[in-house]
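Below: a set of structures, written as structure tokens.
Note that chain A is present in both complexes that follow, paired respectively with chain B and with chain C.
And then the complex of A and B:
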């Protein structure tokens, strides 16, 4: 429903100012980043926030920075398109670039921000599993200062995060990764593009020359109230030589530990089966053909 | 035949630039002076009595000008059964039925006031499938059905809620079963889908307080039919209604009949002469305009060992939704050719259009052909498989060829079907097997054939004006719905007058000015309106020639036209530009007009007992489409690798536009094959009324397409042309279905072929094999 009254919009120039506005105006407001979720929710889903705080005038919230300690900082207002095309991301974590490239269309990715996407806490968000597999953290700022959380602790439920109302997500931090880290993200949805993930699977592995798996991270999207890690599946392959049979077992385990629901898009049983099939495929892809390739080629690998 | 200069050439569409630049103004874009904004209140119950409506709060909302209910609009309409109220009359029959409407000074006020209308219901039993609704003992969704005004051809019953029962009786199927070496019976189903035109529905209406004349601005695909339907409903003369037709942003059948128009008209009677706009958003368009018939098809065939078809029996249950709309004619024209384009001596078909408590079904590009083809063409492949015969050979043994007497009693001519079959299957290298990329990925090929009739008999009239500058205006009631008619009709006029295409303008469509046309439907425009425009152009050319005789001191037979001039055949330097002929005779501002009309003359009407007719259609469109697919057994995903589509168009007036129609049809057909399903739950609610969850095919879901134009000329058509608008999507799902069956070695009987459906079918088969 469209609003009968005019909407109050604030454009603060700092995080401190933004927090202060929320403190003063009280609950019921929303932060605006790219607007690709918020504006649609307001126009078509009856969301009617009391006020909107536009963060786009706050400096230093966007951009991708390779830090001296080997970590990678991605500003909250960095667009999906920037993540997808960033040379640093493409070189170090091509599967993260891939996951960003899976969001909507280019037009949407030119507006949608990675921080907005995380703060919205949609279970099917494409970059969330990739970031979870990279053990990323989030920087949160508020009136009282800044704190850092693991992304795994950050998500609390559909649309719910660990942030207080006046807190703002400022950056995503990907810790320094092992040089042998390889990964893969597979989005499974019936349509080739412009679709939500019915199942999303990200894997990050550290393999030695004999495909022995020194470390394994498996993360799933769209199959539980929040994007989730699959620790039991990870345990299946850790310290083991990755074979097709082992990947299948890990897939079976991931299928067991996910918690999907049935809805108009898909049944829970099918989602579970696809978690199994896609986890296996992601593990084998990551192990067999590592290294950056064009995203169109990466997409082909899901089939 | 004389040399054609522009007909047959792949010219760029005349409306391409204004559309790609966003300049074009569609019905949805219109803003009128002093306009009010309308908002509709929709039924929240699938089948219920309305016990109370309270509009008090809505009326008091600031900015509200009018709030109306069924009591303020006591009118009903319908193409062949007058069963549909402008606003609900005492009861509702589906979720999404318009119950009340608000007109206000702005959209927000209208929206807010609409939410304040209180409606109380008393629920009645509701039916969400045609099979349930027609079971013995089912409650009548239309208890007053017997009292409705109806067209002569309507045959209702014998089961409850059946608003049309079509019968085709040829030979004796019982004898056929005895003569056959193989008898195969199967059941197929097609779900509800929607047109999903890019432009949602809208209508603007204004009632002149003094004359009572109603003006409606609406992108309707049949302005004259809509005008008549409104006048008939209101009980006023046709002259009291005027329709102005802006550009239409796609319709595919959803914008014929009356959709938003009745709400806008009903409101306009309460706004003291101010125009009112009713504009549906996407969700409203999904739940409250029109959908394609879901259909259950039972098919049984008897066939000889050598593949000769002996008998075929079919029963088709068309889910009509809450109102008849075009269900009776979809049932007739979809059921009649459902046994396929084959010679079959013994045929029995029963088509039932059944009311349900779901959104209203009606015309959809293809008009019932895709549903029948989904069953018939897969059934043909199953027969081939059981006989150990190649599927192409089975078709070749039985398909229609020139001179065949079709099972509905019509002698066929200009049948290009065989050529389409051969060319489409060759294009995907039929017979050449290839393995999939992995052991769990299977490849397959398939194809499907169709024939499609057009609405018959119908009339088109046209006018062609030539002014003193030599500019030409074409007056034609064909609506530019994106199909390219303005280009085709411009080419026809330019051809007959021998002028460059740039000189032709299509006049805006206003029923006060434009001559009558039946409709922009049923792939009929190139043939019918093409003939009418051609005749009008020839008429004005003859007038120009007559006028030029004294000027060139010649007799009419000695004159010819070329390059915008009229000249003496044996002295080409003796020439006058056609504009100059007009100026010399009628002065600078003179205009010469030519008129043309075309109606296909039929023999006998369809016989209601046998379904027979010696001219069921002015012409038939024939097509074969072929697909190559890959199916991933681990996920159930069907990937299209390539599709070829060979269509017999009679003659391609514009090959570029023909290829566009074929490719657009394929893209739409691919969506309906792999993704589309408007899900209605067991409470009658549409569960996916948005493009997020209602999946059309995107450009990335469409593989390499190979459009193939076959030209088997139709003698009555303009330059030999038939039609092409609808067949592009008709065989697509069946072709893909056959390819999937070839890949998997098992058949799937229900659409869509979504990954989840295919996956569970594969799992089930694995279980059976294991057990």
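And then the complex of A and C:
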């Protein structure tokens, strides 16, 4: 296996310092979080950054905080393992915790960060659909100060985001959610572990006592150039009573509006069909059996 | 770029001169001479290179040495408790949890980390924890058994103080 090329490494102690290094050194550098995408790119894709700016020593970029206004802030450098095991995330959004638990192995999740998963902008990024369904925002800091974007505006294409080279993703903010919100993430992959999603489907629903959907958010991974919302499918169920037949129609709509490609994992046709089936299942699972589940139960929930 | 870093390696404070782009795996094996940590896939999938970094199991094939100043690292060479093998090592030997042995150091480091977090794991917990450790001799049944036996022994050691 090929080795990384020589490079310089910096470990700034503030965001300002980190941005300043990139400004001074110019193009050809990369930020480093957990390195589980970056070092792979150096070893497998011939990427050879001149310098690397390690963000792990910048204070306050990691950790999960329940804010007074009901929102949840997740620092960009928070590891997937921290998200997966966070009591606050498990209690409020078990399907988000589960989507973090779907990433790689424990060894990978001890390094992989939630910010890196977003900044790398892979269409199959496992945590993206759940965050899109929760209408999360991202905080970005740069020379000109801080700005906030919706996650949907942040992704621009495979590996492309709205960030400038010297900008740093500092946090993910999940707005206050309705107390009745339920959700589900299904990572569809024929392997139980250690594979990327062929299709990822996240749903977040606000249901009343009669299973009427007061709000519905459906987000898809691995089936378009960026993780995407499925607004037409959402419109099918909004303000309706969720039945199996309605979930099927929403699935059909999601299958129509996604834009999958064929690759080593799957053909576009198969992905489209699985978007239909998994969307239906995710909606019914969310409505019927919410709550955290053991991984052994996840596979049953898929079929 | 070379850089002088201080690390605590298997309990000993050490200062090493590293090239920033060197992988932790290569630092351990080629510069320091601790060859117990293995390279399998080189891409974080197989877990043969698992070490503990600041107490957590990670893939040493994906870590740049230049970021390690101040880190605490435990490798398979540091698993023993004094002169005695660690209970996970003893259990793997006793239960035949190794065939060719190449994946074993990684399996042992991951198992140690699991048992510290969860002293009484179910079979499913063990399989979940070891899902990033690949054994190509397909010896998983005995590996799982060994982790279960090590758990019993570790709990016994704990209650007996």
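Assume the second predicted complex is superposed on the first by the 290 of 303 C-alpha atoms of A that agree within 3 Å, B and C clash if a C-alpha of one lies under 4 Å from a C-alpha of the other, contacts with A are read in each partner's own complex, and residues count from 1 in each chain.
In the analysis below, a residue touches a chain if its C-beta (ideal position, glycine included) is under 8 Å from a C-beta of that chain, and two chains touch if they have at least 3 such contacts.
Please read all numbers here as calculations on a predicted model, not as lab measurements.
**Student:** Applying the touch criterion given at the start, work out whether A:273 contacts chain B, chain C, both or neither, answering first, second, both or neither.
**Tutor:** A:273 contacts chain B only, not chain C.
**Student:** So, A:56: does it touch chain B (first), chain C (second), both, or neither?
**Tutor:** second
**Student:** Is A:230 touching the first partner chain B, the second partner chain C, both, or neither of them?
**Tutor:** Neither partner.
**Student:** For A:196, decide between first (touching chain B), second (touching chain C), both and neither.
**Tutor:** first
**Student:** Touch check for A:83: first (chain B), second (chain C), both, or neither?
**Tutor:** After superposing on A, A:83 lies clear of both chain B and chain C.
**Student:** Just to be sure I read the superposition right, which of the two partners does A:130 touch: chain B = first, chain C = second, or both, or neither?
**Tutor:** Neither: A:130 stays clear of chain B and chain C.
**Student:** Considering only touches as defined above, state whether A:107 meets chain B (first), chain C (second), both or neither.
**Tutor:** It touches chain C, and chain B stays clear.
**Student:** Who wins on chain A residues touched, chain B or chain C?
**Tutor:** If we count touched residues of chain A for both partners, the winner is C.
**Student:** Please report the chain A residues shared by its interface with chain B and its interface with chain C.
**Tutor:** 1, 3-4, 44, 192-194
**Student:** With touch defined as at the start, can you tell me which chain A residues reach chain B in the complex?
**Tutor:** 1-4, 44, 188, 190-196, 264-267, 270, 273-274, 277, 303
**Student:** Over in the complex, which chain A residues touch chain C? Could you list them?
**Tutor:** 1, 3-9, 11, 32, 35-36, 39-40, 43-44, 52, 54, 56, 81, 104-108, 110-111, 192-194, 294-296
**Student:** Given the complex with chain A, which residues does chain C contribute to the contact?
**Tutor:** 1, 3, 19-23, 26, 39, 41-45, 47, 50, 53, 56-59, 61-64, 66-67, 69, 110, 113, 124, 128-129, 131-133
**Student:** Help me check something: in the complex, which residues belonging to chain B touch chain A?
**Tutor:** Residue positions touching the partner: 107-109, 111-112, 115, 281, 283, 437, 441, 630, 632, 634-635, 637, 639, 674-675, 679, 687-688, 690, 692-693, 695, 697-698, 700-701, 754-756, 759-760.
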